[in-house]
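The next part holds the structures, each set out as structure tokens.
Note that chain A is present in both complexes that follow, paired respectively with chain B and with chain C.
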Partner chain A sequence: MAEQVIPTKKMPPGLQVENIDDRIMTLNVGPQHPGSGHMRIIVKIDGDYIVDADPDPGYVHRGEEKMAESRNYITNIPHLERPVIHDSCNILYPYVLGVEDLVGIEVPERAKYVRVIAAELNRCIYIQYWLAIYGIFLGHSTMFMWPAGDRELLIDLMEKITGARVTHAYFIPGGVRNDVPANFEDVCLRQVNYFEKRIKEYADIFYDNPILKARTEDTGVLSREDAIRLGTTGSVLRASGVDYDLRIKEPYDVYDELDVHTNVLKSGDSYARSKIPWLDMLESCNIIRQALEKMPKSGSIRTKLKPNPKGREDEVYRRVESGRGSAGCHIISRGKPEPYRLKLSVSSFRNLIALPYLLKGEKLGNMPAVYWSLNYWPVEADR
Partner chain B sequence: MSVIAPKFRLGYFLKGIFDNAFWILTIVTLAGIPAIQIVLFYLELPVIDGELLTAFLAFTWLFNPTMQIPLIKALIYSDLFRIVAFPGFGFAALIAAGTIFVERKMLAKLQLRVGPFYCGKVEGILQLAGDGLKLISKEIIIPAKADKPLFWAAPVLFVGTAAAFVALIPVAPGGWVVADLDVGLLAVFAVIGFFPIITILSAWSANSKFPFIGGIRALHQMVSFEIPLILSLLGVVILTGTLNLSEIVESQSSFPWIIFMPIGAIVFFTTMLAELERIPFDLPEAESEIVAGWLTEFSGMMYGLVQLGSYLKLYAFAALFVIIFLGGWTGPVFWPPLETELITEGIPIPNYAGDPILTVNTPGLPLLDKDPNEWVLQEQGELVYTSGQLLVSGVIWFVLKTVGVIFFILLPRGVFPRIRLDMLLHIGWYKLIGLSFVNIFIALGLVYAGVIGPGGIL
Partner chain C sequence: MGTATGIIKALNSGIKHLAVKRFTLRYPEQKLKFVGDGYQFDPASGVAIAGLKGRHMLFHDHCTGCQLCSIACEGVAEAIAMVKVPDKWGQNAKSIMPQIDYGKCVFCGLCVDACPFYALYMSNDYELSSFTKEGLIYTPAQLQVKPQVQQDSELIIDKRGARHG
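Right, the complex of A and B next:
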């Protein structure tokens, strides 16, 4: 008889005492595991099947919301983009829109177009990074290297616009921080066209690959009803057949003047969830080309603010479509230069809620494919 | 990353060289030469010029110009040389090292990057040596609750088994193989059967969860793919009627078996990828699911040994594919045949079987012929070559074909994602076994239709 170890106190999750004749094995996938992120999934497996999965985020909590209460509206900008540095324009977008509502300033027409171009470029940069990790999670090393290399094209472009490669801090209340360089339209059009040609090649090696299709189709199926009930957003929601894109439903800045299409797939499996962001990138290229055409060639790019702007006594909630889904920002102002309370409502955490439902009953080999197809960024969920 | 180079000082540089030279000389004189003498004392040494070579004579003759060539010849034809250097471990390890380098550079070109670049100035050619030195210098960490003797033994057993596999591979005509068995192919199957046992032993002895899952996966994979592997090679055995690998190669002197057995070749190639745990069948080492699978707890040179063993295994499988399906060393000889006038000048001396063997002074490669004083001529068809020429030509063909097969083994890593365990078992038990039976029926059909075999057309 195996000696029974009786725990004297309640043990933390993931540290269960296991006997040798237990059928269920507990695996701590993360936080130091090549297949997690900065988080942990406590997986219980019976043979090759997952019986229970418990995501455990919180390893990279930074307290961004509390930090925002002691800084004024301008100095909040650089640290609020830190949760997703790869998508820094889009995570900053709702905050900037909200502050403009509170302070009550108008944004020049040219700045709105520059914002849209920067936001769409940044969406592509984020999706390329996400796609690279999705490739290596499935053991496809070429799909890791190609997006990571092609991402450099757009990073160079963003560096020309903003002066920084990754953390741009480009959007400010009243417009953008600085104007685009002189020959920007030509360079941007050329790079975006080449980028579009490159990402269309991914279909040959990745999305039409028979092994990839056999592996990810019909795994982790999220039905339309469950996707709405669990509150998922963005690519996860659109992969389950819900036509929901904030760029169309609640257009902000100049998205209502542009011809934006939404990509919707019906199946709701890992394959559809991984394909939607790639289709989004192609759509972003179209939007950038339209915006470059319609953008006013000259004009102001920023409305001057007072040195230490005070918001009126009110609360606003603005949200935009980020690379992962809807990113919202709720600001409560008490007439001071600092926000009284700032709440970031991010899509990563909403999408993570679906993970335990999707992993239950799946095979262990499907875990990385399902987990990363949720378009989840661990640092954003922790904020 | 920038490294500031220290200022060059001639004094320090010379002191470094002299220090190194001093210590090398000291160690060689005090430890190396006695060690070699002791080894030579216990070895069975050959007879050269009617005089038994001794440890003392070996050192004396090494500096005698007239005895150097006979000494080297005796060394080349000794068993030790075969095991350590040419058809055995050293040759295989050289090809394995080349494979690692080619894999990294080729994959880098496929993925639009440069790969190893700085170490060794020329395209990172010394990167492998640097990696090896790093692995040797790292600490070996063993889990506290591991079964230590088994855990230590697993990498050594793995390399040993891979080396046993290499020993069965014939490389060139004229018996250039470490172990020339009449049941060579059967021995290969027996050796392959050891790998899953070693894997599951190491996985179990690590006493950790991720290695355990990886070991179970490796066991599933290897056991279920060994059956189609063995069945896919039976077609060639039916056609040739022998299990000796050298004879299988010689049976393909006019055409390789892949012409008649393409299905068997495809099945064998697929099972080979699975046995080697290469993408798309790298489930036992699936990084994003189970860290590094059954290799998770290995560190330092233990991990290096397992890697060495797996690349030796890769070479041996590629060589087996070449031997069985691509005709091994057969191919056109790179030199023009000897002139017949030279041969007619000599005195023909028939050997016991009645074949004429000619004793003449002809140009050739004297070092590689068995008799120290005379060059033995061999006939291949109507053309006549020295055995040394045939050896070099055969080795070049063998290496070229093996490198070609290795290239196709490496290529899927850049193209395919990893597959899942249930898909793997489905492919192994349903599709590959069925295909290999089709292959066997094709072979039987060829034999009974009288196309190949005794009294056949070809």
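Right, the complex of A and C next:
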């Protein structure tokens, strides 16, 4: 047997010769695998059990923050929604709120309601897509087809409002770009009601299904203390029993006038983390119905903005509850038409830190169930 | 709930779908109907009109060659180039009009918002695929043509589920 060569020079981490243990095997999950979603998880397994997991994001880094520094406040809109094209209204929301603070413009009342409706519809569209992938991760093909099909109902609505099916570029500092079409309230109410009826059917086939429960209950348990300590947000935090929702804690636009309930589950396992987004969708349907009722029937929807607005010399941080958790935007302005620095604080990256803790001691077969239950979107984490 | 009951309930909720109408759209034969004639912008009120953001429509008799659409596209997609047109228009001294490369366009519609002369709209035409990259570049003459599209299928929701008809 050849003697192990140990380099004298200190090598970069990827090239170091590891101490070889006969029992432990290193496995690269991703980045090509469609399920892992443009990211790699380096898992060390002992037999079937995971002893160590190291998430390795960064394969789809696009430099959104640097790009924003050379574009003006309006031109930034189409590219800033690219990190999460399925949730493009919510990822744009904090940026738009921040620019409104910097430029100092008021938003008309009707525009605020239209924004809330668009954001809630978009949240459902995102969660449906996420749920479809969660279904196929667990080998449940029906749960891939149903959400992917029912998502069309809401995509159809968003296309009626914004004119685009996924990347809407709809929110703009000062309101929204165009008014909702005539007769929209009736169409929206009918489709949202049908959508709610459809997603309630998911309970029988998926959430109350004993096979799913056996698969996901008591896997990847995140305790309440750990969830707070690791700084997780959104559905991961609420599945661990912490009642924290920015729509209630820091209401933006008109969320303080609407009756918003949060869903909290205590167990903190993969099952709870996969159920919270589904309960959020049911709550979103309630919010949309309330907003449609309270929305002013007519009025302005956009405050006129100068062609190349300059922000005052200040910095601003705004955050909203997106489909995955809190999405924040920190803008530093130096009185120029473009931001001096723009930082996106996204929930995907913050939730990913919990993954090594959750996977330790799990079976390898449970890895997709735990990984995707973190409500993770790789492109958003890389920005 | 026992394991057996749970599995039977799950199977049952799938079997119910045998009686539900097909939801999928049969695309080349059926095409979705959109609201309005497409995305348009009214510079007087500063608000746009809802509609699909599809292929652009250029009105040669309104375009002044001011390049505002091209400037709006800088930093977004840089898809718009100003090119010379052979015809002479009174309002267009330099005889330049936008030419749009749909290989680059992201259909955000900011160029339509920038046009102060009602010259640029977006139409309902979304079938823009081409065998060559050059085929995706639409000259001002091509952008002038109003698309002939048959879009009539709407989403119907009734007791037997949602379907396109």
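Just so it is clear, the second predicted complex is superposed on the first by the 360 of 383 C-alpha atoms of A that agree within 3 Å, B and C clash if a C-alpha of one lies under 4 Å from a C-alpha of the other, contacts with A are read in each partner's own complex, and residues count from 1 in each chain.
The rule we apply is simple: a residue touches a chain if its C-beta (ideal position, glycine included) is under 8 Å from a C-beta of that chain, and two chains touch if they have at least 3 such contacts.
Predicted model, so just to flag it, every value in this text is computed and none were measured.
Undergrad: Since both structures carry chain A, what do chain B and chain C do when superposed there: clash or fit?
TA: fit
Undergrad: Which partner reaches more residues of chain A, chain B or chain C?
TA: Looking at chain A, the partner in contact with more of its residues is C.
Undergrad: So, does A:P368 touch the first partner chain B, the second partner chain C, both, or neither?
TA: The first partner, chain B, only.
Undergrad: So in the superposed three-chain picture, is A:K360 touching just chain B, just chain C, both, or none of them (first/second/both/neither)?
TA: neither
Undergrad: For A:L27, select first, second, both or neither according to whether it touches chain B, chain C, the two together, or no partner.
TA: Once the two structures are laid over each other on A, A:L27 reaches chain B alone.
Undergrad: Between chain B (first) and chain C (second), which, if any, makes contact with A:D48: first, second, both or neither?
TA: first
Undergrad: Looking at the overlay, does A:T142 come into contact with chain B only (first), chain C only (second), both, or neither?
TA: both
Undergrad: Answer with first, second, both or neither: which of chain B and chain C does A:S70 touch in the superposed model?
TA: second
Undergrad: Identify the partner contact of A:N209: answer first if only chain B is touched, second if only chain C is, both if each is, neither if none is.
TA: A:N209 contacts both chain B and chain C.
Undergrad: I want to verify one number: the closest Cα approach of chain B to chain C after the superposition, in Å.
TA: Comparing every C-alpha of chain B with every C-alpha of chain C, the smallest gap is 6 Å.
Undergrad: Name the residues of chain A shared by its contacts with chain B and its contacts with chain C.
TA: On chain A, the residues that contact chain B in one structure and chain C in the other are 142, 149, 205, 209, 211.
Undergrad: Would you pull the chain A residues touching chain C in the complex into a rising list?
TA: 70-72, 74-75, 77-79, 142, 149, 152-153, 156, 159-164, 167, 169, 177-181, 190-191, 194, 201, 204-206, 208-211, 213, 300-302, 304
Undergrad: Quick one: in the complex, what on chain B touches chain A?
TA: Its residues touching chain A are 107, 110-113, 209-210, 213, 279-280, 282-283, 286-291, 413-423.
Undergrad: For the complex, which residues does chain C have touching chain A?
TA: Listed in rising order, the residues of chain C that touch chain A are 1, 3, 6-7, 9-10, 12-14, 23-24, 32, 34-36, 38-39, 46-53, 72, 74-77, 106-110, 113, 122, 155, 157, 162.
Undergrad: Taking the complex as given, what residues does chain A use to touch chain B?
TA: Going through chain A, the ones touching chain B are 25, 27, 33-35, 48, 135-146, 149, 205, 209, 211-212, 214-215, 363-368.
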